[in-house]
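Both of the next two complexes hold chain A, though its partner changes from chain B to chain C.
Now for the complex of A and B:
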């Protein structure tokens, strides 16, 4: 029976006995491996968590924009014509190709325009794009008739929302616009407003004065949001690629065409910068900690096995080949490393750290360093002179 | 002996020390990461300001409280709902309550003070666009004027005895801010608040009814606030032309008597006709009624300030019904003076001297002035929170500048353009005592009449001058609404200069001395504590009395808590790594020394001596390892961060030193115990094994 055949039988058993004979050292090495795996999973999980936090921030943060004059002023006194609102809604592509798909860059356009009504007496007709367009509706409740909802305000139908207590003749409300418009219309009542102003009738922003007759009108102020905060730069680029919207500058000269847009993204950008630098730091720490963890594993394996030089010498005297000794030591360390790694993995799962490929790769690298330490030691021990090794003091 | 062992096996000793150094470095990096995360969290937190403002001011609140005393207002100022008897706490009570609410960091109590700007012109509505800019903020300073007028008519009001209606025509403006044009429509103006007298002696023989103050046909110099015609905003139809479709556009007009007469076909003599021109007495100036008469207070219940030469005294007389006569104090500048011929000649007379040398120069002083809002937090001001104001150029005032009281300021871009100022320029402010009052107004915008509150500084007078002139560097330009019509009075106009409160301690002291009510107050809350604060206020019967702004902090909350948990985990990882590394170090070290220790004991050395020997060799190695680890960790972290990241993340060396010291102490303690146990180990034990 050759050495190879014998080795196959007794080496694992011998390894097991060695590990059991030195429970402290074995446990320690297993703990180092466990910690390495746990640290790997943990660091990777932190990175993933931070990445998600950034994504959440991008998703949840709303970037508001205010339309101003080209100098960044007069936000509440714009005299902005309603076609500009249509531009923001992406409805004016035929006027200028750069306005196409504008609705993919901006969202929640808020604009309203009031007009005095001659009838009902002492009431105002307020054109609005959404409930958020009028601060008077902040705490109001709107109950829509079946089949109608807030989207009706975005259309151009002859409909209206009236105050809760206002009486109508059936489903329709007759209104007469004050001069100089001076037209009569009948609007379908599609909802009632409670808790809001009692003298304001709301209608869709783009509702024509009469069937088929549209008219531009001026609005005092206009605000909107960036459609997708994650694509902030892209949305800004789209917005400012048109000749109609520009970044305001104090020294700009009004040309009668362009209006300024103040993008309120300073706080968001600063916060994002912090979060990103935080993520960068985590990514930086990962290799740094890998090196350190690997170093600890290496030295732990090396130092523990270094004490076994006499044992290795005795094994050589008993006829074991260097390769067999090397294999045995590596096997021991592998067993310890795998056991520790498994424990670390379980601990990571138990403590809610997501175990992902990145974390596993990092953990594998730690175990690899751990094995390398043991292998170097075993290699040194196995390659030395037996006589010299036998003289070695522990 | 153990020293010799180390010397004989330097590689092993070095490797052990290196192992410990790596473990210590690992924990130091973890700790630095944790500290850095904490710093970043604080930095992130500082980007956001969570503020609360008193809200839900109903239209009833706009009326002075005295009008409702005895009806719905209780003695402490709380209001009672007449229908269900429920009591709504007063603003003062709510403020007291709010101070004790959870999550409150501080009150940012701001101070508004006027300042003379020797090199810059004041930014009145006339300077901006008289037809397109809110004008009520001009009151008291920019609108101070002296006019030469001729009395056209004096009529007694038919319904109230002793009340006269005066009608004047302009002769010439003697002193008025350049920015204002002469009224285009109508050369006449009138006022009818005639329970006014030149002095208490201006009574009839019984001392009951006042004489009329003016006589028809005579000319007068009058001073007071020139109220330009109120601007109404309306819409009108514009025909299609060129590319422009038919559309409506805002149409602003001056609400004059002529407009009243022509456009609305109303009787210009009607008491309801719009009034315009000079308002020099009641109700524009504070009146000392004595005995805490409620009219002495402004619209939000704060005492109206009595500025020398700009307040009135009163006398109560009975004319049919209960009447009050108001008149200037004896030593006050006159409010009007009769003259004949050319008013220029009058100015050279003894009687005209006070007009020439004091009144007119004072008007001119007021024209070149600004209101300065001394604050601790510009971004906490409601107007900025609501994004009605925004930074346009430059930067905001930094926390350090607030803390140190740096002479920096932010000005409105319109004001800067008007005066040719830029970021980095210097604005010289000659400071005056804070004196202001809050008034109510109605903005006629489109089809709506919007009630609002606004605060104006009282006129600059020599008696209020603080003799403090300071150069402020402009660090930022901000935008401000043209119509700052906040119903709760938190708005300010674009002529306002914003500066750190600590930059003008004299103003703050003067405000404290004069018990000036702090203005535009902001309750600064801890980020993320709005719900807790509102719940507390609701429990105390003051639900929905505050408006909140957090600059989007609530949207960032999850990210911030993720960062917090990352920081903790990083610190925990570092600590655990150190424990494992230290355990390997100690195990390996004592494994090396145990045989020699046993030998020493066999040779007769006492356990104490052996322990001492072991520790004397181990402790320097430990100290070297920990020290090297700390330095290595700090350097690696700082250096690599600097190279890889664009920013420099300086390691917190103090924290690293503290951490290393703690590690060393723990290691020494464990090593001492381990050494003592090893030295006391039974000498026969090894043989038995």
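Now for the complex of A and C:
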């Protein structure tokens, strides 16, 4: 038979060239693969976006909590004792194990306690944990003396912030509490407040009332944040596991011990649920898309190759083996699937969907399903009865 | 010398409704340098016999032997590739290959170098009267007679000693039929091939060296 070429010979190259001579069928199959990969990249991109949205929501959302009475009311007119604030700050943990690590559950604790002063006349002493504890300071400017800053409010030194226009005798301000406290003391002025109330003197929340002597006092309002929204339920469980903080209920009876805490997480939870629902839907769509791609590619391949039955039979007549026909059809589909997949990836890049490793893996799976469908088609094509197909009469 | 023999060949197959006894004990032999016609009415079993002779299936009874070896025991794909060419009424050319590529296809299958395969195919196309300017044409651009010539050139290029033709002139006009038949006779008489032609055209059959009449799956007579 003369010299024979090694390897696969010219036939594989010829069958690829023939793909270009059948542009309709080739385009149909390549388009199916391209659409599958594009849709896969799109779905994966949406999944990544949803995942990021969830992470951003969890990272950027602050869950505010407001301390109320047990019925969920009187948030700005609490008759709450200052040790509850210390509980929230974790300062009481050594006495009550249920308060251990409370400061890991909550953050940004704000509390405010107003005391009426007999001197300076018609002024109020406001004990604060931070500037954010009093909404009247939202638009105010505080200018601290050198060496002092807002952290002074969290300390225990006998200092104060006074209104910009208030006159003092040097660096100290003498104050006298109104009855029944009736105590006088001298506070170091460490800053002045402009744009805030003119009749309020601010001092640290934990400032001892007399030298070294602290005492429990009543506070008007208290708020705080959940420290970590990713562990929201864990933080809430920690908070409500103590006997001091309860979920407010209109039917609750005040017992003088517990206070209510309103956790403003409704919007957050709803947003998160929607995002997670979207994510679940997208994740559900991915295997469906894979199955759909397999089905579509199977039928596309089947319809295209069905018309070639006689061609395959003629190949068998010429002595081509079944597995060679199977390999040829699979090779053609592989070439079209890869070409279509590449077009799909380029389209995904061009339209800004982006191609990430996850998207590539999904695209690979889509092309794999395409080839699986094609393999079945090739198997069907190669297994036809040549005698039946070649019969022209009888 | 008989290179192909059919010994008590039976062939049955099952359809949805019945068992069909297509061949019921056929005995015959085919020699080189001879054109044999198999004639018979539709459904008589002549195409089934031709398919079995081509090794597309094996008999359900009896045997087909090529140079003494049963087709049931051989690698029939490899055997067909090297020894058998089948020509059909509807040509069965590959629609997306040119006349030259169609004729060279068996040589591509044999993994001959492209250039060598196409040179041989071109020579065979020229031998059956296809002009070089038609080598690059697709089958749809050729007439029925030209397509059958390409199919014959494909059979010649394969170098097969056994050429089986199923109604090779069935789709051709009288003049083209004559020309194609002359080529088949030339293959047998000048090139020493064994040519078997299935036909229902008695005028054509009478020009062959030998006529086998098949009826109801049996050889009813030989002329």
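For this structure, a couple of remarks:
Rule of thumb we're sticking to: the second predicted complex is superposed on the first by the 322 of 394 C-alpha atoms of A that agree within 3 Å, B and C clash if a C-alpha of one lies under 4 Å from a C-alpha of the other, contacts with A are read in each partner's own complex, and residues count from 1 in each chain.
The definition used in the following text is that a contact is a pair of C-beta atoms (placed from the backbone, for glycine too) under 8 Å apart; a residue touches a chain by one contact, two chains touch by 3 or more.
Here the structure is a predicted model, which is why all the values come from computation and not from measurement.
Once the two complexes are overlaid on the shared chain, A:387 sits against chain C while remaining clear of chain B. By the touch criterion defined above, A:264 reaches chain B but does not reach chain C. Of the two partner chains, neither chain B nor chain C is touched by A:119.
Comparing chain C and chain B on the residues of chain A they touch gives the larger count to B.
In the superposed model, A:49 lies in contact with chain B only, and not with chain C. When the two structures are aligned on the shared chain, A:180 is found in touch with chain B, with no touch to chain C.
When the shared chain is aligned, chain C comes close enough to touch A:21, but chain B does not. According to the touch criterion, the shared surface of chain A, contacted by chain B in one complex and chain C in the other, consists of residues 393-394.
Of all the residues in chain B, the ones that touch chain A in their complex are 12, 15-16, 18-19, 22-23, 25-26, 29-30, 33, 36-37, 40, 43-44, 47-48, 132, 235-237, 244-250, 387-388, 390-393, 413-414, 416-417, 445-448, 477, 479-483, 551-552, 555-556, 558-559, 562-563, 565-566, 569-570, 573, 576-577, 580-581, 583-584, 587-588, 591-592, 595, 636-637, 640-641, 644-645, 647, 649.
Across the interface of their complex, chain A is touched by residues 22, 42-48, 51, 54, 56-57, 77-82, 84-86, 88-90, 92-97, 101, 105-106, 108-114, 116-117, 154, 158-159, 166-167, 170 of chain C.
Those residues of chain A that touch chain C in the shared complex are 1-11, 14, 18, 21-22, 310-311, 313-314, 316-322, 386-387, 390-394. Those residues of chain A whose C-beta lies close enough to touch chain B in the complex are 24-25, 28, 31-32, 35, 38-39, 42-43, 46, 49-50, 52-54, 56-57, 60-62, 64, 66, 68, 71-77, 79, 81-83, 113-116, 124, 178, 180-181, 215-218, 220, 223, 248, 250, 262, 264, 266-268, 270-271, 274-275, 277-278, 280-282, 284-285, 288-289, 292-293, 295-296, 299-300, 302-304, 306-307, 393-394.
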